[in-house]
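What follows is a pair of complexes built around chain A, which joins chain B in one and chain C in the other.
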Partner chain A sequence: MTQKQPRWRGGLLALGCEGSANKLGLGVIHHSPTGEVTILSNVRDTFVSPPGTGFLPKDTAKHHRVHFVPLALRALAEAGAAPSDLACICFTQGPGMGAPLTAVAVAARALALLWDLPLVGVNHCVGHIEMGRAITGAANPVVLYVSGGNSQVIAYAERRYRIFGETLDIAVGNCLDRFARTLEISNDPAPGYNIEQLAKKGGARLLDLPYTVKGMDCSFSGILASADVLAAQMKAARAKGEDTFTEADLCSSLQETVFAMLVEITERAMAHVGSNQVLIVGGVGCNERLQEMMGAMAKERGGSVYATDERFCIDNGIMIAHAGLLAYETGFQTPMEESQCTQRFRTDEVYIKWRD
Partner chain B sequence: MAAQLPPTHVAASFPLPHVLAHAAIAPTLLAQGAEGRLYKTNHLHPSRPAALKYRPSKPYRHPILDARLTRARILAEARILYRCRREAVPVPLVFALDEAAGWLLLEWISGDPVRVAINTWLAQKHPTASSRPRAAVAQKVASLGSRISEEQEDDDSTHQQKQQQQGDVPKHQVRENTNQDDKGTTGKWSDEETENGGEARRRIREDAPLKALMRNVGTVVGKLHRAGIVHGDLTTSNMMLRPPPTADSGIETAETATDSGAKASLDGDIVLIDFGLSSQSSSDEDRAVDLYVLERAFGSTHPRAEVLFPEVLEGYRGALPAKQATSVLRKLEDVRMRGRKRSMVG
Partner chain C sequence: MTAETQNPSQEDTEFPCSIDIEIPFHTERLADVAHRTLSVDKELSSLVRRSFSLRNQPQEGSHAAATVLHVRYKATTNRMLRVAVNAFMESLYLVIEVMEHLDVDPGKKQAAKQA
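What follows is the complex of A and B.
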């Protein structure tokens, strides 16, 4: 396998293209020969749907198609890199929503053909984990990956990111997003962010919601249904002029319940593998209340929590570039004819050749 | 209730639960899991040891939610134990509980976990040269999936069993460059075992006391299911082998006389423990999953005795009404086929 040797200060450059959900992200990363990671650019454009609605695959894919070229040019310009500097084009091969994934995969293939570069298909979840590790310096943490599409507790063993526990139905981010729709909260910048801000005003009362943890797995759909019922009761009571709980109480109760579940399953995984480091990745990982709760748990176990901010927690291109380049450096490439993306692509399907 | 576990070094760093704070005889912390701690205490009476299961409050949880969960879990476990007792399923007695303070005081079960009994038996009766080195590999491979662990590790195989159910590599296609990978967590054993020759396997397969024990395990699990309970975490670590009361002084000394000593070591009653993940259910699906968990745990904990697992299922069949047993065992086939995980939209 011949690897292109770019002139960039030695080491390798890669462009990462992410679009598995409503964020289109592109970024350029540099790996030095000594293993240092430098982020040269990390740009993003989010498709925001009106309050009370979610993002539909068709509209999201259209958004990605429209914005891909300007964003790619911006990513290269900010990095000060030319296409000829790149070693490979990395793109999200899955998991995610079909239409947006396809839109970005088509664009990535076009770039690869245009610039005569190899393609590297990246598992979105592995991208999150590797970026989190690179940013925080956590060596071998238990990973809680929580986003709009995924909720998994992961630990590394034997060249795989093994899934210890996960949601049995919808993802925790999906639960929060859909509840934001119920309350018709703005989706800008993100429904979860707005729930978090509202929740800060509540907390005086904890409303009764189901708590569904089974071993290391959990479930969120029943909680969402119960929260929706409570929201309807609140509106009905308010219409009659009765005194009732508020949106803030609902948001804070929902957060307290689902985050307690996530911390519980994470703690179980940590007790199990004997680790006291925990890394939170994925969009929900930005939530400060979740970070605070996780921190309290980790502290009690004599460990610490690692989290990143919205630049890296929320879907971005740089994580795809980083994970893709790690794979590329071990000789991995995705041939054009195998570059179709897939909605189902589990974290533990990826062979992690770059770790011991 | 893992009576065999050594006191852990973390014992001193935790404050005792209030109920034990003034105990005349100092309690021993046996295990510290994510959920709670297990103490051995003579708090009730110096001659009557008991196990105290304590669920401390979690600082990260909202206090109301924390109290609600602790209460619900203590009560659920106690109710299930009581129900088992009423249906003559061998489980520890509930002596006392305080759901607000988060503890449950249970009968102390003497003896070893079935896991230890089987492994000791195999080591004595069917020694092999190659069993140790592989165990280390097995443990690493197995530290993958998962389950609550309420106990501390004291040998290489305690935990792997708890995980097999969740951590396996999906059966469907693996992408590019995965050729060097282990293809899942089971299957390794049987390949290597054949190298040792069929003779050793045949001897294990015909080991009458071991077979009888396997059958007993199946019978006890069948009784549990008949009582409308599924355990949720069936492993050979969560079953105690309580020596018969008359033999309590004879076991150790009998070891010199090979035959009688060996007989004694698999003798006794099986008692199920650790109902922290149990629930009330009579569905074929839940029962089959319970059996599947045990099967996977058994395979990873006692790979050499795996050939005897069908005995467990025979014992199980005998303990349930024929119709129910047949449909659960048929369901078990399905569960085996799919594993526990399915692929999901990301």
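What follows is the complex of A and C.
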């Protein structure tokens, strides 16, 4: 690799590797000695399955194996970094889908050994939270982490990201993604994105869907089942030539219902901890309607909502590099023998040594 | 480099389907990297047993380096054996690809530093 003038002076660099779902992301980050964070590269490739289908572990793992080397080369080239510039290799240890996680872990281990660098296993959720904090500068917000795989309301207390509320069954993003399959909406670039666009055309009719908040938690599998029933009714009515509601009405109603539930449990957590700031992270956090509804609630409480753009709210490698490097700087490393991935990895299992 | 804990004849009855795979690498370092990377993850199925060892090229003498990664897979059925070995091959291929495109040769690094 050619020796370019480095865009950094002092501090540490890390490579982050993410592959817990269908996005393979790699990124190189720089932490200056004074704690300034610079993103040197952030590259990603998404495995998209055909409309009406979801992504299966085996195919997703294969996608990650095929794209790892080209993406890694791109990440280094765009950062202008060589392996000798790096302090550590960070990878998502969990939570997520087993085969895809392991595919990326295998590559990360090989790099750590070839380049003689320490390995740092990162909790995917903590990656999202730390990146959200770094990008938005939010001091100590309540965090709503919503994606295809996770739905949690989190607040920081005494060196842990504590879960105040969560889904009792499926993630809100999973509910949306599976409903997209019911309607056979395209998964490109993401099913949730296409539901959002379709929802913008609806809203004339608010359809009746169950609202399932249970204390600090909520559940989404029942809403999904109800939405599927309504979709079947729509198709049947259409087949008979009757006037009926549309896909746009369904998408809009589904969003309004699930997002209102998320706003409610987030507000409950905010009341508990006495905060008026909300940070939304995770793929579903890209949704502008969710940001709007959350913003209205936060404003009523005299606060504000923070969100990042698709570079960071969608799964990416740079958040893993960032959270990993934060841990590494406190002396944390993952021994090779303990670098197995795990599908279940609670957010509060991580000791957040780098915060007070 | 795992030792068998049961006597061979008992194991062979329980895991009658087996295969030995030998993967030669250019250097001892690369064989060691492959071994350490691939031995971390346990076999998912209890119907499959796997063991690794690093060996010399058969035609070389006693001073030869351990450049061959030897893997023995044993399973209760041929189907389990095939599934496990296929998965291993996919991971192995990824490791080799990473070595091929992303390795930094320590020798080259030294030469560059001195230049």
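Rule of thumb we're sticking to: the second predicted complex is superposed on the first by the 348 of 356 C-alpha atoms of A that agree within 3 Å, B and C clash if a C-alpha of one lies under 4 Å from a C-alpha of the other, contacts with A are read in each partner's own complex, and residues count from 1 in each chain.
Convention: contacts are C-beta pairs under 8 Å (C-beta built on N, C-alpha and C of every residue); 3 or more make two chains touch, one makes a residue touch a chain.
Please read these numbers as outputs of a predicted model, since none were measured by experiment.
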Is A:G137 contacted by the first partner chain B, the second partner chain C, both or neither? neither
For A:G35 in the superposed arrangement: first (chain B), second (chain C), both or neither?
neither
- Message: If we overlay the two complexes on their shared chain A, which of chain B and chain C does A:G241 touch? Say first, second, both or neither.
- Response: neither
**Item:** Touching partner for A:A107 - first (chain B), second (chain C), both, neither
**Value:** second
The chain contacting more residues of chain A, comparing chain B with chain C, is B
After superposition on the shared chain, which partner residues are touched by A:P50: those of chain B (first), chain C (second), both, or neither? neither
Original post:
What is the contact status of A:G96 with respect to chain B (first) and chain C (second): first, second, both, or neither?
Top reply: first
Tell me which partner A:R344 touches in the superposition: chain B (first), chain C (second), both or neither. first
Residue positions on chain C within touch of chain A in the complex are 32-34, 36-38, 40-42, 90-91, 93-95, 97-99, 101-104, 109
So, in the complex, the side of chain A touching chain C is made of residues 61-62, 65, 68-69, 72-73, 82-84, 102-103, 105-107, 109-111, 113-115, 336-337, 339-340
Touching chain A in the complex, chain B uses residues 32-35, 58-62, 64-65, 68-69, 140-141, 143-149, 159, 162-163, 166-167, 169-170, 174-178, 180-182, 232-233, 277, 341, 343-346
Listed in rising order, chain A residues that touch chain B in their complex are 20, 94-96, 124-125, 149-150, 155, 157-160, 162-166, 206, 211, 214-217, 256-257, 260, 263-264, 267-273, 292-294, 296-297, 300, 332, 334, 338, 343-346, 348-351, 353
